[in-house]
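Before we start, here is the structure in question, set down as structure tokens.
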Amino acid sequence: MITGPALLLALLEGSVGAAVLALTALGLSLVFGVMRVINIAHGEFVMLGAVVAWWCSADLLGAHPLLGFLVALAVAPLIVGAIALAADWLVLRRISYDPERTIVATMGLLYIIQQGVLMSYGPDARPLDPPIYFRVQFPGFGYSGYKLIVAGLALLLLAATWLLLARTRIGLYMRATRLDSETAQAFGVPVKRVYAIVFALGAMLAALSGVLIAPIRGAHYLMGADPLLLSFIVVIVGGLGNLRGTLLAAACIGIGEGMISVLFSPTLSKIIATLLVAAVLVVRPGGLARGATP
Amino acid sequence: MRIYALHLAVVAALFAVQFALPAYHYGNVTRIMLYAVFAIGYNILFGYTGLLSLGHALFFAAGAYGAGLTAHWWSFGPVAALGAGVGAALLVSLVTGLIVYRTTGVAFLIVTLMLAQAAFLSTLYFNTVTLGDQGIVLSLPPVELFGAALHLADPAVKYNASLVAFAVALLLSLWLLRSPFGRVLIAIRENEARTRLLGYNTALYRFAALVISGTLSGLAGALYCLLFGYVGSSFASLQYSTLPLLWTLLGGTGVTLGPPLGTAITHYLIDISSGLTSSYMIIVGVALVAITLWFPEGLAGWFRRWRRVRS
Amino acid sequence: MTLLQTRNLTRQFGGIRAVNDVSFALERGEIRGVIGPNGAGKTTLVGMICGRVPPSAGTVEFDGANITRLQPWDRVARGIVYTFQITSVFKRLTCRDNVALAAQRRLTRTTGHRFALPQALLDAAVDEAMAAVGLTEETERIAGELPYGHQRLLEIAMGLALKPALLILDEPTQGLAPGDIAPFCDLIRRTAATTTILFIEHNLKVVLELADRVTVMDRGAILAEGTPAEIEQHPAVQQAYLGD
Amino acid sequence: MGVRQSGKPGHMSRRRVLVAAGALSGLQLAKPFIITAHAAEPSLKIGLQAHRTGIGAAYGLWYERTSVAAVKVINAMGGIGGRPVELIVEDDATDAKRGTEVMEKFANEHKVDFVFGPLFGNVVGAVAARAGELKMPLFVVSEGSELAAGDFNRYVFQTGITNVRSQVTAISPWVIQNVGKKVTMIIPDYIFGYNHRDFFSETAKAQGGAVNAVIAIPPTETSFTKYFSQIPADTDAIYHVMVGPGVLTFVRELGEFFGDKGPKLFGFIDSLEAVDIGAPGLEFLEGSHLWEAFPRYLAGHNTEGAKFYRAAVGIDENGASVDNAKEISTSSHMFGCWETLFSIKEAVEKSGYKGPGDKQALVEAIESTTGYDEGKGHPQGKKQFIGKAHQVFAPQFISKVEGGKLTVVHTTSIEDGLYEPAADYTKQPL
């Protein structure tokens, strides 16, 4: 039975999901676009963000959860970015960003991060106190006010990333490397450094979305799988490495997923999404190698 | 011929050690041989043909569910259920092969990953049939063979059934590798464009390699389900796609004995480390990173090179 | 008797016509050289003949049949064999495996043994091709370890093992030591006894010495065609290609 | 009697987690060896198969703590049959495949006498089959109803905690009469949830109620709001029972969705095990009812046995860890481990079990048991045991959320939850 409130709820769930998803997927897309590698450990960066948010939320400060949340927003990207830089320097650079070996290596990284968190943080799903708690009443149902704030923050962060890419020197370097790394190098772009920064930036975006969702879903060492899968889907449907396509796909898939989840079944919506990706690649197998225009 | 003698000696040794192994290792070797069938199947696609699949759980699960569902719902006996499992894996491989007919490289990797993920989610979605997460527990009647009743619960039956499957898979893959067909697969791995201009429809060969690889993986899944009496949705999860990759990479790609070696090492590494820490899967992560950094050819490849340097 | 005929063959890359409306005929049994400056469209033309490059327009006929839409491997089955400009042997395999890949392609088709080709049959075919190019001693070596000139010969052995009706060679003498060129020309002449040969070549001396007829290409079109003597005298050729 | 325990997984305060992670020294040793140092008698080895990691981790942590405490108590009492107990813990990652491997490891490598502990249905099913093949007595501490239905084999027992069918049979009359007649069920999408669905639908109908919708949610789900729009508008009562890492999010989002205007709520405490009822966002639970097997707050079940048990395990009167008031126990499940170990003690001593050769006598001794008396060994209450079905039956509790705490408002008798099980394992060969 499809009613007005159900549709509205579907739209809300979808939009919030889409905003956070866009942030996660943008990181993955950036890494692919510039470095031409796929980072299987991307979801673990989201999980690390959530775990850092949990640390900051109560224990570190003992103050109001809002303060912990703001600290986490600042600290999580720094920690996760540093881990990504280390991974780039210790592993990816040494295998010359070979596409297939990078996939294997980042898959190893996935297990190392996930199991490392299990070792130090433990196996429990730990809830966080929401930094801001209020309820918004819609006709027929209520909705978490924090979720609406999350959507807004995600959009702000997306805009900030966009500015970084469009208006700064490092953004210019990234765009140049994306188009043609050899030419960029010839024009004096420090390509290796750009790679490292892009890998870190991608991880930082993932970590930020982890901080944002932590108060909703808590922090758990296995929580990286879902964001990875969904952002994978978004990045491919949007055209690998195509940032605008990624954002558009995040909106479509986030909202579509929300709709199908609410109206039918979340599992069904994920099945449809994965098959959609397979279909896109089967029809356009070359789309991956060529990479679309920005 | 010496190479066949070496492989037969491995099989004979595995037959012989069953009389000396302590019970716990007996069970471990049984599992290792079954997983090795999976690894050998994976290697035909990855090691010989050069196609990196991240979706082999699809075939393993197809075999396991083909056997498990027919045994559970239609009371198939073990032999019929094994046939159903292998048949299901063959069918799934054929369909997958047609879907990915023209895809290679990273696109192939992602498509196989997505198909396997869709299959995994489907085992959850259609849980009235598959019983989802919780899975199906089987209790099977004994198999009549030469007048004797073989109970699947008997460790010796498990061991020797796994050994037979292992021997078949190993010798088949060796023969395949050395046949004209296998030579073409290797040529595709080395340089697909060149192979095409030698007169080979490489897409068709890739398709054939996928079907053989998938069916062997399904044989492993079907036997695992029947011998250990259980199939659940975790058999279709990503872990069952990454493990054969690790086994093959660790043991050595493109070497017939590499994947079984990698399987054995991984199994014992996980088993030993699970006694030290709950985070034992970290071993898998460290191994994957170490292989890409230092042993791109795996242990067998490294050993071969080391021998060549010495001689 | 015409073996190969292209009609109005055209290939566009973006806005550039690499090959523009080329109609080109090849007689059975001849040795044909193709010359022209870089970018003249020679490699694209033979690419369309062997099926590596799909044409934008026009047709290719081989042995009386239209093969324009055939895949490269089907053209190999009909006897069109191409060897690359840059050597493209399987560097990590032995020479024997390299040539066997070619030989088994022919043998599985002619003998009907698909999976278990008799080893002796295959070995004989490999040895014959290796002997033809004079590499018998190197048969068991890893291809990538051979010197460059020998890799080129191996490439030709692979072509020969297919026993082609038309052998297309893309700059076969490039990278050969000067002393190796004369034996190479002998090899081509011997091969021509059973095979039609189409070769692209920059070394004009080799072309004039080896070819029965020569085609000159420039900017995607055929500039001139004739016997080596005629081509040497052709004014347009002298200006465009031999000018200095 | 020396007790050495190397590392308690998950037993870390937030601050300690930080320190451990910083030093990267948090390598948690997986086997707390409870070694009986100078005992003359060889020890009795018991394997605890724990969901230490995976989606059952919250339960696994407390199963392990409770079991360690019980073994300490039993050893202090002189052990089992005069022999000290050695507890060996292995993690099955809440995974069926790993579970069967662990079972083999117990049987063939550690050579334990008995195994106990699996809770989640997927693991129980796979492990039960393997235990039968290995002829290893297995005491599941699970609420699955399959054992009493005859789906397992002669080596599997449920002596510590009763099953879902019995729990639902016991409480459903009260729920239909006091909470609501048109019920929407929210259940986890696997066997445990189906048990709830099937048995509650059946008993609700008998009481004049009806289930008007069933919403099944995968146990790995982390976001729930999207499911709630499937709840029909004419629902009087929501019956919820969720498990897995997302339980707190589930209850919070349920509250956000309905506010204070929604249908009345009745839940199984599974939705809130290891979760603080007073956590922010759970205010809407005030006044709702929950089933409990073992009241979380001491006041609801203030017996001598319960006090002894709580002190030994280390939980305070609010059901939290004495070390950390924020760490809430899985009170309604973990007592099953304690009671299982004491039931093993009784069975071993009754049968005169000396070693694996006496397994058959042990099985028959358990099958001839008719019940357990309330006391230190069985703090949850008096038990009735139906030997042929290997199933224990117990009283149940219904509690109301009042002032952010749980107050017991109704206690069922054993008879309320009693039904005639289909299984008769005594006919199977040993």
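Labels for the chains are A, B, C and D, by order of writing; each one numbers its residues from 1.
Definition applied: a contact is a pair of C-beta atoms (placed from the backbone, for glycine too) under 8 Å apart; a residue touches a chain by one contact, two chains touch by 3 or more.
Chain identities (UniProt): A = Branched-chain amino acid ABC transporter permease; C = ABC transporter ATP-binding protein; D = ABC transporter substrate-binding protein.
As the structure is a prediction and not an experimental result, all values here were calculated from the model.
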Checklist entry - Are any chains cut off from the rest when chain B is left out, and what groups are there? => result A, D | C
Next on the checklist: Starting from the defined contact criterion, work out which chains touch chain A and chain B both, please.
Outcome noted: D
Checklist outcome for this item: Comparing B-D with B-C, the one with more C-beta contacts is B-D
Checklist outcome for this item: Outermost chain relative to chain A, judged by CA means, is C
Checklist entry - Just how far, in Å, is the C-alpha centre of chain C from the one of chain A? => result 52
Item to check | chain B and chain D: spacing of chain centres that average the CA atoms, whole Å | outcome: 37
Item to check | Centre-of-Cα separation between chain D and chain C, whole angstrom | outcome: 76
Checklist entry - If you average the CA atoms of chain B and of chain C, how many Å lie between those two points? => result 43
Checklist entry - Which parts of chain D, given as residue numbers and ranges, touch two or more other chains? => result 9, 27-28, 52-53, 218
Checklist outcome for this item: Shared-interface residues of chain B (touching two or more other chains) are 124, 277-279
Next on the checklist: Can you give me every chain pair that touches, using the contact definition above?
Outcome noted: A-B, A-D, B-C, B-D
Checklist outcome for this item: In the complex, chain B touches chain C at residues 179-181, 183-184, 186-187, 190-191, 193-202
Next on the checklist: Which residues of chain C touch chain B once you look at their complex with the stated criterion?
Outcome noted: 50, 52, 71-74, 76-77, 81-82, 84, 88-93, 97, 100-102, 104-106, 108, 114-117, 122, 158, 162
Next on the checklist: Using the touch definition from the top, list the residues of chain B that touch chain D in their complex.
Outcome noted: 22-24, 26-27, 31, 124, 127, 131-135, 137-139, 153, 228-230, 232, 234-235, 271, 274-279
Checklist entry - Within the complex, which stretch of chain B touches chain A? => result 52, 54, 99-100, 102-107, 109-111, 114-115, 117-118, 121-122, 124-125, 238, 242, 245, 249, 277-282, 284-293, 296
Checklist outcome for this item: The residues of chain D that touch chain B in their complex are 9, 27-31, 52-53, 90-91, 95-97, 100-101, 104-105, 107-109, 121-122, 125-126, 128-130, 132-133, 151, 189-192, 218-219
